[in-house]
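Each structure below is given as structure tokens.
Okay, so chain A shows up in both of these, paired with chain B first and chain C after.
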Partner chain A sequence: MQLTLPQKTLAQQLQIVTRALPLRSTVSAVEGVLFSSDGQTLSLTATNLEMGIRTQINVNSQKKGQVVLPGKIMEIVRRLPGDSVSISVNPENFLTTILSGQAEFQVYGLNAADYPELPAFLPEQAKLSFSVKTADLRRALRQTLFAVSTDESKPAFTGVLFTLQDNSLRLVASDTFRLAATYCQLEEMSTAGEFLVPAKSLQEVLRILTDDETIVQAAVIGNQLFLQYEAINFSTRLLDENFPNVERVIPQEFCGEATLETENFLHTIERAALLSAEDNNIVHLSIGSGSMVVRASSKLGKIQESIPLELEGEGVEIALNARFLLDMLRITEGHQCFLQITGPNKPCILKDSLDTDYLYLVLPIKL
Partner chain B sequence: MRKQQEPDYLRLQRELQVGKIRPVYLFYPEEDYLAEQAAAELVKKFFPHAEAKAASAVVDGREHALTEVVAMTDTVSLFGGSRLLLVKNAPYFAKGQRLTKELLQRLLVKNHEACLVFFAPEISFTAKVVKELNARGAVFRFEPLKGYALQNWVKQQLAAQGKNISGENLTFFVERIGGDLRNAANEIAKLAAFLGEKKEVTKESIMAVCTRTIQADIFALVDAVVYGRTKEALFFLRDLLAAGEPALLILAMLIRQFRLLGEAKELLAAGENDLAGALKIHPYAAKKVSAQAAKTSMSYLKRAVELLAQCELDIKRGRIEPVLALETLIVALGAK
Partner chain C sequence: MRSIIHIDMNAFFASCHQAENPNWRGKPLLVAGDPQKRRGIVLTASYEARKYGIKTGIPVWQAKKLCPEAIFVPPDHSLYLSYSQKILEIMRSYTPLVEPFSIDEAWLDVTGSKRLFGTAEEIGRALQQRIKTELGIPSSVGIAPNKFLAKMASEQKKPNGFTIINADNMQEILWPLPVEKMVGVGHKSAAALKEMGINTIGELARMPLHLLTSRFGVMGEIFFHLANGRDDSPVDPHALETAKSIGHSVTLPRDINDPEEVSGVLLDLSERVGRRLRRAGYSARTVTLTIKDQNFVSLTRAQTLNKPTFLTETIHQTALSIYRRQFEPWRKIRLLGVSVSNLQDRQTGFQLTLWGQNEEKLSRLTEAADAIKDRFGEQALRRATLFLHTTKK
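What follows is the complex of A and B.
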């Protein structure tokens, strides 16, 4: 393999694919990035065997070929001094020479034959498929991913449930202490269905996607979810677990609904959390007509603060985890938020005034 | 005769069988597999319906204050019912940790529907809160199983798989797989799968599927050396090396075994009856060492120690390649 390409382009693409690199693997080739050139296109591939990322760059390659270079290649390319990079591989021993400006690296490569084959994206075999704007998918992931569990003893809750129905995509995540559910308008979809995607993979999707109108093509083939976005091909294994039916635990009737200024509410909880974080993370909310009193205490002291609200229906005394409230309030875009109350020691729901389809259910601490 | 105390894992099993579930458990998991197994049984008993199991959670105690953990347990459950929280690496009961009287009260009188299980790698048994929990029977020590308790546990696990084992084969199995319960559980699963419909565990079935531990192999190696079966000893040595055991580790185990032999010979000569207690080894190992000691003379043991020391020196000074050094040593030890 012998090719020349702009240093910036290669560094950018390597930054994307190396997100799939494992920290350590029993297969040494998996710890590297597969460089594969067919003469016109250079493909970069990385995988941790759970998820894989492949990007493509148009190049003018003098000689085609393949090599696996160590994960460190990202750092090497990022620090190269020249505007362009020339890569040539000795096919006998895979010794790879990287030239840029006055710098010359010789990197020990591995045989590409030892690299595992990534699951193939064959759209005609897709069980389910859909397309969505990147900005919409990013918003939905931002709204749900933080509510996922990290508890490996309940694997179903370490994923986000995707449900395709009526040309929309519903995303649900829960760690059993709170639940986040949102919708995404789809550009197109095949049939209705649902699947569970590991949150770890979706965190990387969130980092790779940009907030714009570009369309992401998605398909479920076998036990893999494939996403195609510009020159990036992303694949992840799906979780083979049953996500419980959470729809029945989402309250449909409320005894009261408070409307609050988001910024006001956020800053008050942040202040209360300064003390509660030292202890049990609990903030007590006394919701009454016209105002809400927020109280928290720890060994450092106490705080009590009143904030104005508009209340329809009954108020309540409730204790919530401050961190859970902050997770949602920090991503709320509307200047108002709604707190729907179902009674003492019962779940409450937070909503964003700018996106009322987004629902965040928080379970209280028993008083 | 002093009545043998019931191991805590059996006490917990007995409590669960009669439906007794405590609000707080303090597990001291010296044998972590036993503690995990107990916790799994507790979860099963606490949540008879599979879906409700979502209300159980595992958290790392190093990442949460005790007050936060208590608040998590007291959080309303998503699917109704009560919560059960398993707190791994709970540091709250170690020496130097301060638990206030208020917190102790909260732990003990907290809502009895929820259940909190602490896995504490370090426990200060003189701490007031631990004493209080201990007095209520909420402290469970999961100690490594030895001798009869280990055999009893293996027998129980085999019975759970519908398999029977004779006393002799049970001893053979335990000798072969060692005292690590996680490893033992894997070997039992292998054995059950191998036997299929057959009920009786035979020596042949154990030999066919159960992997020997390095300890068991070293016993076999020393046995072969001491009884002059050099060819067999070399076979065991190659087996150990092929299994990836480092040559220096094998040498260290040989040195330990010959040191035990020397000590056993002296103790037996002095009329010691409890060899296992005096050498702090498993009764089965003591029985083996005792038989080997009877077969060896003191002059042979002295020469063996010299050969072992020389072998270690030669390897460490780089005079000889380690595998060749071990082979030479085995041949020399075999020449009586």
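What follows is the complex of A and C.
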């Protein structure tokens, strides 16, 4: 393999694919990035065997070939002095020479034959497929990903449930203590269906996607979800777990609804969280007509603060985990948020005034 | 000579509720699992209720029969914790050397406080008085030259006891007591001592030391010195914090590798660990499993939980999952140990869940089971799985 390309382009693409690199792997080739050129396109691949990322860069007809270079290649390319970079591989021993400006690197490459094959993207075998604007998918991921569980003993809750129906995509995430559900308008959609995607993979998707109108093509093939976006191919294994019935736990009737200024609510809870007991970060909310009193106490002391609100229906005395509230309030975009109440020791629902389809349900702490 | 005070709150849970609600004072009051449902058992009975023959561990329906006018209240751990804190505050105004032993008892070393506050007896009286008048909680006080005798002293009379043990009356008070009344002697040790013909603490004190050490090892020596009123352990204000871990292990009578049997042993160990953890008012974040195989090769692995626990079930499940992941099932096991570390004060309140185990229910169940065991001994209540295991074979 021999090719020359702009340093900036290579550095950018390497930064994307190396998101899939595992910290360590039993197969040493997997700890590296696969460089593969057919003479016209250079494709870069990295995988942690759960998710994989491949990007493609156009290169003008040059010598083709393949090599696996250590993960450090990203750092190397990023720090190269020249505007362009030349890579040539000795096919005998995979010794790779990288030239840029006056710098010359010799990197010990590995045989690409040892690199695992990524799941093949065969669109004709897709069980489900859809397309969505990147900005829309990003918003939906931001609204849900924080609510997943990190507890590996509850594997179903380490994923985000994707449901395709009526030309929309619903994302649901829950750690069993709270639940976030939101929708994306789809550009296109195949048949209805649902699947569970590991949150860890989606965290990387969120980092890679740009916040614009570009369209992401998605397909479920076998037990993999594929996302195609510009020159990036992303694939992840799906979770083979049953997500419990979501509709059953979402209350449909409320005894009260409070309207609050988002920023006000957020800052008050942030202050209360400073003195909420370490483990479940308890804050007490006393919601009455006209105002809500927020109280918290810990070994360090106490805080009490009152904030104005508009209340329809009944108020409530409720204790909640402050972190759960903050997670959602920090990403709320509307100036106002709505707190729907179903009674003491019962779930409450937080809503963003700018996106009322987005639902965030929090279960209280029973004292 | 040191001056050690031990204070034990009387019917603490019930007393807290009576202190909080003046209308309940002087009346029979029962803290019970689920008073509405009529099921559940009595966790603590106020002294007024005990006059009717109501004891910890009896079912609610029976308590209602014995005393129809009794007041039933559900347990409220945050209330007990806040009273416990206030009591410790009062104690700490006399000496920094306060060692909480559990939520309702503590030792104080007042040796250095006498010049400021008077004799140990005066301090003891003042403490008992202040805890009673300022907080409304009755207590029993024991004063002695060491921790062991101080605790034995406070056990003498309840409620509102005040007992001083010194070199002059030590033999008179301590020695006639049966060995099982001795702090540190458990059911098993008591049975073994009785087998040796030792029934009272006095008999234990007069035993030749070598007979005790040959039967009980180091513990034999400890028993001997305690029975003779000797204990030089210091009052350690940080004892609970420095108790960095709580653990139990057992060398099995025969090597085992049946996963079910292993699970049974782990459950038994987890229950002991859980009991001590709960007694100290803690929850733990890390569970450690120790396994020694037939070739004495040992393996120790820890797992840190997402959130701290005080439940036997969680400790057991975690230990079991470490065993399943880390130990080859064909290796025969000689010794098993379970311990918990990363201890912290038990939090109040239960985070409700959409799906999954109901922590509140489990915790109430555990509380009830603990109360039964406190009252009737460790064998009073056993898990069916453990029972199945011992009868199998």
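Just a few scattered comments:
Everything below uses one rule, namely that the second predicted complex is superposed on the first by the 362 of 367 C-alpha atoms of A that agree within 3 Å, B and C clash if a C-alpha of one lies under 4 Å from a C-alpha of the other, contacts with A are read in each partner's own complex, and residues count from 1 in each chain.
Here is the rule we use: a residue touches a chain if its C-beta (ideal position, glycine included) is under 8 Å from a C-beta of that chain, and two chains touch if they have at least 3 such contacts.
Everything numeric in this text was worked out from a predicted model, so none of it was measured.
Once both complexes are superposed on chain A, the partners chain B and chain C clash.
Contact with neither chain B nor chain C is seen for A:269 once the two complexes are overlaid on the shared chain. Of the two partner chains placed around the shared chain by superposition, neither chain B nor chain C is touched by A:337.
Applying the stated contact rule after C-alpha superposition, one finds that A:179 touches each of chain B and chain C. Shared-chain residue A:169: touches no atom of chain B or chain C. Once chain A of one complex is fitted onto chain A of the other, the partner contacts of A:366 extend to both chain B and chain C.
By the touch criterion defined above, A:118 lies against neither chain B nor chain C after alignment on the C-alpha atoms of chain A.
Note on the chain A alignment: of 7-15, 115-123, 169-177 or 349-357, the part of chain C that runs into chain B is 349-357.
For the contact definition in use here, the residues of chain A common to its chain B contact set and its chain C contact set are 151, 153-154, 174, 176-177, 179, 244, 249, 278-280, 282, 321, 345, 347, 363-366. Of all the residues in chain B, the ones that touch chain A in their complex are 51, 53-59, 65, 67-68, 70-72, 74-79, 86, 111. Across the interface of their complex, chain A is touched by residues 78, 306-308, 321, 344, 347-356, 360 of chain C. The touching residues of chain A, when paired with chain B in their complex, are 149, 151-154, 157, 174, 176-177, 179, 244, 246, 249, 278-282, 321, 345-347, 363-366. On chain A, the positions that touch chain C within their shared complex are 150-151, 153-154, 174, 176-177, 179, 244, 249, 277-280, 282, 319, 321, 345, 347, 361, 363-367.
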